Amino acid sequence: MEIEVRQVSAWFDDQLVLEDVSFTVPSLSVTALIGPSGSGKSTLLRVINRMHEETRGSRLEGQVLLDGEEIYAPRVDPATLRRSAGMVFQAPNPFPNMTILENASSGLAFNGVRKRSVLEHAAERVLRLVGLWEEIPDRLRRPAVGLSGGQQQRLCIARAIAVEPDVLLMDEPCSALDPISTLAIEALLKELSATYTIIVVTHDLQQAARVSDSTVFLSNNRAGGPGRVIEVSPTVKLFTEPKDARTEAYLTGRLG
Amino acid sequence: MSRTKVLASSAGSLLCVGALLVTFGLSSPAAGAARPSSASLAITGAGSTFDAPFFTKAFYEYGNAHPGLRVDYAAIGSGGGIQQFQQGTVAFGATDVPMSSSEVAHTSGGPTLQVPVDLGGEAVAYNLAGVKVRLKMSGTILGDIFLGKIRQWNDPRIAGLNPGVRLPDEAITVVHRSDGSGTTYIFASYLADTSSAWARGPGVSKSIAWPTGVGGQGNAGVAGLVHEIPGAIGYVELAYAVEDHFSFFSLQNRAGNFITPSLATVAADAAHKSKVSATNFGIVDEPGANSYPIAGYSWLLLHQRATSVKSGQALQALFVWLTGQAQSIAGSLNYVPLPSGVRAEAHAVLAEMTGPGGVALAD
Amino acid sequence: MLRASPRLAVMVFGALLLAIVISLGTGAAPAIGHFGTGLLTGTVWDPQAVRLGALTFLVGTIETTALAMVVVVPIGLGCALFLVGFVRPRLRSMLSTAIELMAGVPSVVYGLWGLQVGAPFVRTILEPALHAALGSTGIAGGPDLGIGLLLGSLVLSMMVLPTMVAVTRDVLAAVPDDRVEGALALGATRWQALTRVALPAARTGVLGAATLAMGRAIGETVAITMVIGNNPAFAHSLFAPADTMTSVIASEFTAATEPFHASALVFIGVLLMLVSVIVNAGARLLVRATLRGSLVRQRVAAS
């Protein structure tokens, strides 16, 4: 599913955090969103599945199109939209009151699926996909909070893909994880890119280089200023011959 | 933490606990509350709420006429008045039922004097919106209602007393006092006097084990519930019934007549018993064509021996006035002034007061 | 000094509590000595005949409190969910202030409200409706007085609702945002996110809120005394007048001159204190466990 962001500006209360952001992500690709802290990467990600509006005092201008469909059109229900644009958060956030199986199928349960066999079948499918099914077969009916950080994050990915979205939005999914867990998630990400259009926010430039096809570099000119798109290029190109001096400065550690 | 600080904090906590013990009454009660001082004298009393309006006005006027003397009265109820008087925390008590001999025996501070101080009646109020005429009621039937035997307003026995009145097919709700009360005692005396079933059953007491009904706190509580519940019956002091515009029964007296409660009919009842005392105080259901049957005196509680000659003189003078001249104030406040025979008797009892150790209070 | 202060404070308050227990125990001792276990298990309350058993009042307190909780828990939960999930911050703070004001209204005012507004409502609307639904015998038996067990429970529920809402609101708000957002990002509605994720995560705290409200209901005195009907007998129906531990103490203590009467009332006071202390301590532990748990999770998430 192609994602097109058109002239998006976003505010929290009176503070402009994104200004006139536009770029396009082709279908079935992995796009890395990089940039210094405070450049609005997470906000941009949350604009794409309409989570931005869940924050009190938030405001938005501009358009986001998924396969040409404007997601901020009045007839679009945000809950329905979010099923086609799943999200994985920075810190693993499995539901503490549910078992691993229930977590994996929770999105389907929210969408009205009640039949136990359907839920468990779906849970099995996604847990196999993220490798948890084979890894911890005896703990599937235990609370998810007993898992390691990396396992929890893979469970959250499983949970997100169980509702069969077209887009996966990942907000620094490995920042709370150890290197081995990080590699496992990256491997999974590669695998998923065959089925999903993925945008991943990351601070880890090596990770961006390892997993993404193209990269969007966001930056603000001054601390506290709004983030703008500085450069959008295929990842290899952006890392080897950046077009913009600010991109080069960031990549070489002189910015941000 | 230094040693001195430990000591200081421990002392602080001990002080705290000490204060608490005092609060919870583990310390000895203060001795007599009439404390003579060079310039002024304060007399403190507690008890019956029935007496409160009369006492408040009378003590105010007495204080104006006697600079340097202040009388404070706490209307905490007859039971509370007896308790405070027994413990010696007040100089005088007031109760709607005299203290029993065992209660007197448990009183500290020497022999107790009990003096009739004012007179009142009780009305039996009811809430029947559709009935405009004043209903008649007898003690026997009232007893059966309060026993829960008669439950409907259109019961033939109520109808029999009220020919020509259309009584509704409505449930009767008995309303009684939930707190122990002299008002209850006097009302129960009337029921016991006229209904043998009541006398054998619940009997006469300030706290009754009620066979039926709902309880209200104080006269105001009972009046409020009677007002609130359609079909309710409850007993209240006459003043409440008169002021709150309740319907109340004409009650059958010993002579068989149905009498509406009023100051005059209560006075007529009291007039038939000129000698009352703490052991023979009941005046319910006296003979006489025009006597209203539910009436009773309220009583002052005093220590025969005052804590000093001076305070004894002050108390004696105050209460001689209260049971004499001040009765006109009572008359203006919906009380029945004490009959002259009872006044003389009150003064005779007050004359028995002495100073400490029995010394005379002569002027 | 600083380090030792809390312990000293605990000691002082422990001593105060002990002093209360001792003074109450001393007061209750004569009745305990005279009636033995019958004082707790007896169902007759006749001061004049010196037959005093407190079970009726214990049951009355349990009945009114339980009925009040049946009303308070669902309504309080609903209000708290509404406040946390569906109200803009400004309106939320206005409503929260209103709720706190409600909690500060003196008990006697609720009692007056119960008599003036509650009693006619119960008598003319609620009780006939219950008769229609449940028949006129059994738990809906007896005449429609308005005052009684049902009104007492309703007034109690009005009084403790603010506690339930305020504490539930706080424990719900303490659930980390990322759990709720996690649900929203899966296509859950706001209601689903709150009821199926936030509420279960806060369930210990919600239980604590309910228990705290229950503690208040158990100890409430003035208002319940005004509307319960003060009848020291087991309530055979919802409409029957009854009595609670607090209402009988409030009604009878000042005039308790019969033998052992005052002492038996003090015993009921001891009983009431024990029940309240147990319920309140339980509630506080539950609420604290939830709030602390959420802090730990947030710290782990932030590190």
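Residue numbering begins at 1 within each chain, and the chains themselves are lettered A, B and C in the order written.
Basically, a residue touches a chain if its C-beta (ideal position, glycine included) is under 8 Å from a C-beta of that chain, and two chains touch if they have at least 3 such contacts.
Everything quoted here is computed from the prediction, not taken from an experiment.
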Partner chains shared by chain A and chain B (touch criterion as defined above): C
Innermost chain, taking as reference the mean of every protein Cα atom displayed: C
Pair with more cross-chain C-beta pairs in contact, given A-C and B-C: B-C
Approximate Å spacing (C-alpha centroids) for the pair chain A, chain B: 81
Centroid spacing, where centroids are CA-atom means, of chain A and chain C in whole angstrom: 47
Whole-Å gap between the CA centroids of chain B and chain C: 36
Residue numbers on chain C that touch chain B, as the complex places them: 1, 3-4, 8, 11-12, 15-16, 19-20, 23, 26, 44-49, 115, 119-120, 123, 143, 145-148, 225-226, 229-232, 241, 243, 247, 250-252, 254-258, 261
Chain C-facing residues of chain B, complex: 1-2, 5, 9, 12-13, 16-17, 20-21, 24-26, 76-80, 82-83, 103, 171, 173, 178-181, 202-203, 205-210, 213-217, 221, 224-225, 228-231
Residues of chain A defined as touching chain C within the complex: 49, 51, 54, 56, 79-80, 82-83, 86-87, 89, 91, 93-97, 106-107, 109-111, 156, 159-160, 163, 176
Contact footprint of chain A on chain C as seen in their complex: 88-89, 176, 178-179, 181-189, 192, 196-197, 200-201, 203, 301
